[in-house]
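Below, chain A partners chain B and then partners chain C, in two separate complexes.
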Partner chain A sequence: MVAKPSTPTGFESHRRRAGIFLVSPAIAAMMLTSIVPLILAIGLSFTDYDLFSTPSFNGLTNYQQLFSDSVFWQALGNTISFAFGQVVIGVVAAIGVALLFNQNLTGGAAMRTIVYIPQAASYVVVALLWNMMLDPAMGPFSRIVQAFGGGPVYFLSSIELAMPSIVVVSLWRNIGYFMIIILAALKSVPKELLEAAALDGAGAIRRFFYITLPEIRSAVVFVAITWFLGGLQMFTQSYVMTGGGPINATKTLVYIMYDEAFSALNIGKASAIAVLLFGAVVVLSVSLRAISYLMRRKSQ
Partner chain B sequence: MSTFTSTPFNRRAILKMGAAAAAVAPFASLSGRTMAASGEPLTIMLLGPNSATVDDFKNNLLPAFTKESGIEVNLQTSDWGSGFQKVTTAAASGTLADIVMLGGIWTAPLADKGALLPLTDYLANWADRDSFYPAMIADGAYDGVDYALPIYADTRTALYRRDILEAVGVSESDLPKDWDSFKALAKTIAASDTSAKRTPVFWGTNKSIGLQQSFAQLILQNGGTYYGADGSAQFASDANVEALDYLVSFFRDGLSDVNQVFSGSGPLPVVSGNSAMTLNGFAEIGNARANAPDMVDQIIAGPPLAAKKGGAPVSSAWINKLGISAGSKNPDEAWMLLQHLLTKNNAEVISKDYGGLPGRKDLANADYLSGVSAGFTAASDYIVPQPANPNMLIIAKEINTAVEKAVRQMGEPAAVLAELDAKIDQINGR
Partner chain C sequence: MKSSKSRLPMATWHGVALVLAALYVVPMIYIVLASLTPTGEPVGQVPSRLEFGNYIDAFASSNFGLFLANSVLVSVISTAAQIALSCTAGYALAKLPLPGKGLIMMLLVALLVVPPEIVMVPLFVMSKQVPFIGGNDWLGNGGQGLIDSLPGLMAPHVVSALGIFLMRQFYQDLPDELGDAARVDGASERRIFVMIYTPLVMPAVAVVGIFAFQSAWNDFLWPLIMTRSTDMQTLQLGLTVFFQENSTQWNLLMAVVLTISLPVLALFLFIQKFFRADVMSGAVK
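What follows is the complex of A and B.
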């Protein structure tokens, strides 16, 4: 016999209404700040609009122009290589640093704070700081190379070095935050499992790959996804440190979106870039979550 | 990164309409218009002012205007980096200040969108017009209509380090006057044992459009132009290809370095002595004052170059201007304020505070210019304005990228400029 779903009592109904009432400001705020702008951007992406005149529908023209523009494809490549490079190196480095801080080192708390501090600084401040650090004439890195007989190192004006330099700066700024998340996951790994494995003769590397890593996998996946999606929106570092150069080598999708909107006053085309970026973020998020889910099921 | 402040000053009670009308009456006769004081305060938006500029505006220039006219003025400031964005969004939303500062190539983009008030009627009766360099007035026009007036300028000419020139036996009277002699001097410095021997010439490469600004001078010196009579891009013309080939030859011959990029802070290469020659303006002196005051009198401004020996010298200028918002509720009062700021004394204060050259000819010997090379102001007589285009902000970036490709030997000048023509025609919707 199947139990008949009970109808909400007066008290429950009242609670539900109160719940809806309490979350309605948050829903309204989200609608106003996220959903409405998103719908507007999608709509504007099919128009010719320059801020001053009434938007006029132009179909897929903005998208066609983007797809036939070599700078768009270059910016897309730059964006992906930045996000991918940052995540691959960053996740490995964050796990390494977190493992180190998980060892109850003397002064560990102070070191954790030091690693986390850059996260508190804005990207503009970080970019200006590293601008000086990477200066070919005055910067310490270039000077060290020159002290050993090398020439000046053009970190930000070399086509080959500009994007890797920005990746390093972004890693320096973000690693503390993601390290803390992984460190929290490491703290929750059952000690008895590690001790049992050690008694069975498993070395540190095997313990890490067969016990620690599977236990912190959710945190690592979260860090990787969050970091990657954040990387797709990189703008400030490139704007401040290289101006998108040399020869568009550090121009990202958000950068060309800004240029289209506020230099060319081509709001329709800028909206098209925003919509494409949003679509890519949605597809990637869903795919990565699906992969993560399948992996979890497989391991169970 | 940016600041956007509204600073009310002289917080007096709102003046009665009658008093304001009486106060503005003398100005009305100047403009030849009927003045109708709205009683509302005016607003003025400055871009990139330093503290001295803000102080002078708040404590001297604007209070003097208020005292004279009875009209209050609110001061807004913004950084240059986000200035165009703020001006355009404010104009589109109808909240732009009555008087707004414009960057060198902003007139056409804003006038084309209807954001600026035509000044033709006002200028017709403006006695001070002839006191300004004609080319600087022309730079504020678009499609034959005047929209903005010069407040200070950065006139570009050939600059040199005096001490390095002396070290290679070149005196101030022997400075280059044409492209060949300019390059010959660069080769002499390269063969010397001076600090500039590795990169004698700095072409202004920076994270913005520095290369484009140097290339623009060369184009104008060689009699080139940006657009043909039908409006199509003409960058691949013989004159422009020759100009780019000349520029590229410095990098190819080891006289300039593609990696010498000014980061925006610290001394410029000529100030630091890593280079001895550049095509820049009075901003070089400002950079020296900030980073190496001893170098101020070592920087000399030579005559503007001509492409060929005996040819006409040409300089270019980045002229910052003041215009009146098309949406101003007080256009006549705004014009009164504009006139007030452009008087000889006030224009001198503003040019000095901003570290620029004056837009007025009668300030060529202003006190604040004593001690700096006379060549800076002399170059203002040879200004040829850049062609105005509504899409110039994005076009300038495209030109910069194209020139950078050429100097990095990633394409022949003719091919790079042909590609640039196609890109610019696309931007201009041709």
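What follows is the complex of A and C.
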């Protein structure tokens, strides 16, 4: 057995060196892939950079152009309605599905797995699958409508139906994941509470709103925040399913950022969109977390 | 609980669950049937015969074999890098004295909410300007840098704040006494990290690895931006291009969709149980 190093300071500095040695590669990588690009995005958003010529400072021009561009406002509206629509329907549906699988169903585990499976598929795969399912000629939904005497339904090429279709497809893929989180929270609701309430004559609906829902609240808040912030970044479904159309009806913020950067080669304007999106995400996540923290404090 | 069961009988729950499961099973049956429909027959109906040759035709009609190789290379290497960086940094942040540890942790937590899409454009600019690579001069001008290369495709996936953060939490939960005891026995810091603590966090390593693999494998926007030549396309991008160019060949498209989804699906189901338990215990708090 070797004795402990005699000088504690030398020992400390040895461990400190080991720590710096271990943490440095990750910090360098984070710098290169997140922090520097983030700062660069802010910087470039005040320039007219086009990928080839030397960028020159143009102040708030990019932001002014964006704010006076109707496509930007449309994309902002589309992004919010996608994220909001998906979260509102999704949270209610995920709670419903979790309650369903919280019963002792025969074959419940298998059905739960089936609902969870699309989570393993990429958005590209899910989008392609649903392009087939929603096809006006050969998709089952349009064919059912036709069987009842209607015309073919153009889910993805109609202005009214395109975005709702993408919302439903995204819900189809994502519900399983969020359902599992809520199901885990449901399993930890104390059974005694529910039984006592039932003995006191509280019905299933009252028990849900007065006991279950408050008990799973933090899981629900977590799901809602994660899902909403994820929804603000939607791109792949629109790109693959509708190409952003018809007439920009499914263009999102990330989509117009992509267009500006790689079709118009307007890196400055694309960076301005990224900065705005970043600002929105930061403000939203900070304020939502603050609200849920205050709610928890109040309830204690 | 008896009373609730009489009001909402189990049969109703089962009925609802079956309808729900059907919403998932029917599209899956559609993919399988479509992928086996002979070319020329309309998909979405029961095919006259099952054409297994579609699977061969699909991979022969485009470079899906090459795309698969690209996807595997990009995903495996960036997953390995992310595991290594998450373990080293996570361990240092949890168990070793570090100057500025509080600041690093604050930055990490802040970076957790930064969506990857936001840094795509500047990261592209940086990749294009890497000096001495891809025909660039020392100022990073003149060539294409890392654009259209496999290392370029890996760039955003080699490290993640979430991976470091998760590993740090798991190392933190292990007792300090383990390391102290080994130190008394004369073990080096490297040995304590590699041989004592890391084997105990293997479930967490698996979780971080699966996150990393999935995000690299399923990524679409970054390959779309970074790829110029067909040779560098990943599966997700190759599939989309194939769809855009041959949107009527649903049978071949679905054959590829099914083929590339099955391995990931198998992996997913295989690790599902422990994936769920570990992720949720970390995430829901």
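FYI, the second predicted complex is superposed on the first by the 271 of 300 C-alpha atoms of A that agree within 3 Å, B and C clash if a C-alpha of one lies under 4 Å from a C-alpha of the other, contacts with A are read in each partner's own complex, and residues count from 1 in each chain.
Throughout what follows, contacts are C-beta pairs under 8 Å (C-beta built on N, C-alpha and C of every residue); 3 or more make two chains touch, one makes a residue touch a chain.
Source: prediction; values computed, not measured.
Aligning the two structures on chain A places chain B and chain C in a clash. In the superposed three-chain model, the partner touching more residues of chain A is C, compared with the other of chain B and chain C. Judged by the touch definition given at the top, the superposed model places A:S263 against chain B, while chain C stays out of reach.
Once the two complexes are overlaid on the shared chain, A:S158 sits against chain B while remaining clear of chain C. Of the two partner chains placed by the overlay, only chain B lies in contact with A:N248; chain C stays clear of it. Legend: residue contacts after superposition of the two complexes on their common chain; A:L51 is shown touching both chain B and chain C. Contacts of A:D135 after superposition: both chain B and chain C are touched.
In the superposed model, A:I181 lies in contact with chain C only, and not with chain B.
Look at A:L277: by the touch rule set out above, it reaches chain C but stays clear of chain B. When both structures are laid over each other on chain A, chain C collides with chain B only at 261-269; the other stretches in 153-161, 261-269, 333-341 or 405-413 stay clear. 51, 124, 128, 131-132, 135, 137-138, 240, 262 are the residues of chain A that lie in the contact sets of both chain B and chain C, per the superposition on chain A.
Across the complex, chain C meets chain A through its residues 1, 3-4, 7-8, 10, 13-14, 16-18, 20-21, 23-28, 30-31, 34, 42-45, 81, 85-86, 88-89, 91-93, 96-99, 104, 107-108, 111, 113-126, 128, 155-156, 158-159, 161, 164, 183-186, 189-190, 193, 214, 217-218, 220-221, 224-225, 236, 239-240, 243, 250, 253-254, 257, 260-261, 264-265, 267-269, 272, 276, 280, 283-284.
Per the touch definition, chain A reaches chain C in the complex via residues 1-2, 4, 12, 14-16, 18-20, 22-23, 25-27, 29-30, 32-38, 40-41, 44, 49, 51, 97, 100-101, 103, 105-108, 111, 113-125, 128-133, 135, 137-140, 143, 172, 180-181, 184-185, 194-195, 198, 203-204, 207, 218-219, 222, 229, 232-233, 235-236, 239-240, 254, 257-258, 261-262, 267, 270-271, 274-275, 277-278, 281-282, 285. Interface residues of chain B facing chain A in the complex, by the touch rule stated above, are 1, 84-85, 88-89, 91-92, 109, 113-115, 205-208, 258-261, 263-266, 272, 274, 391, 393-394, 397, 401, 404-405, 408, 410, 427.
By the touch rule above, chain A contacts chain B in their complex via residues 50-52, 124, 128, 131-132, 135-138, 152, 154, 156-159, 240-243, 245-248, 259, 262-265.
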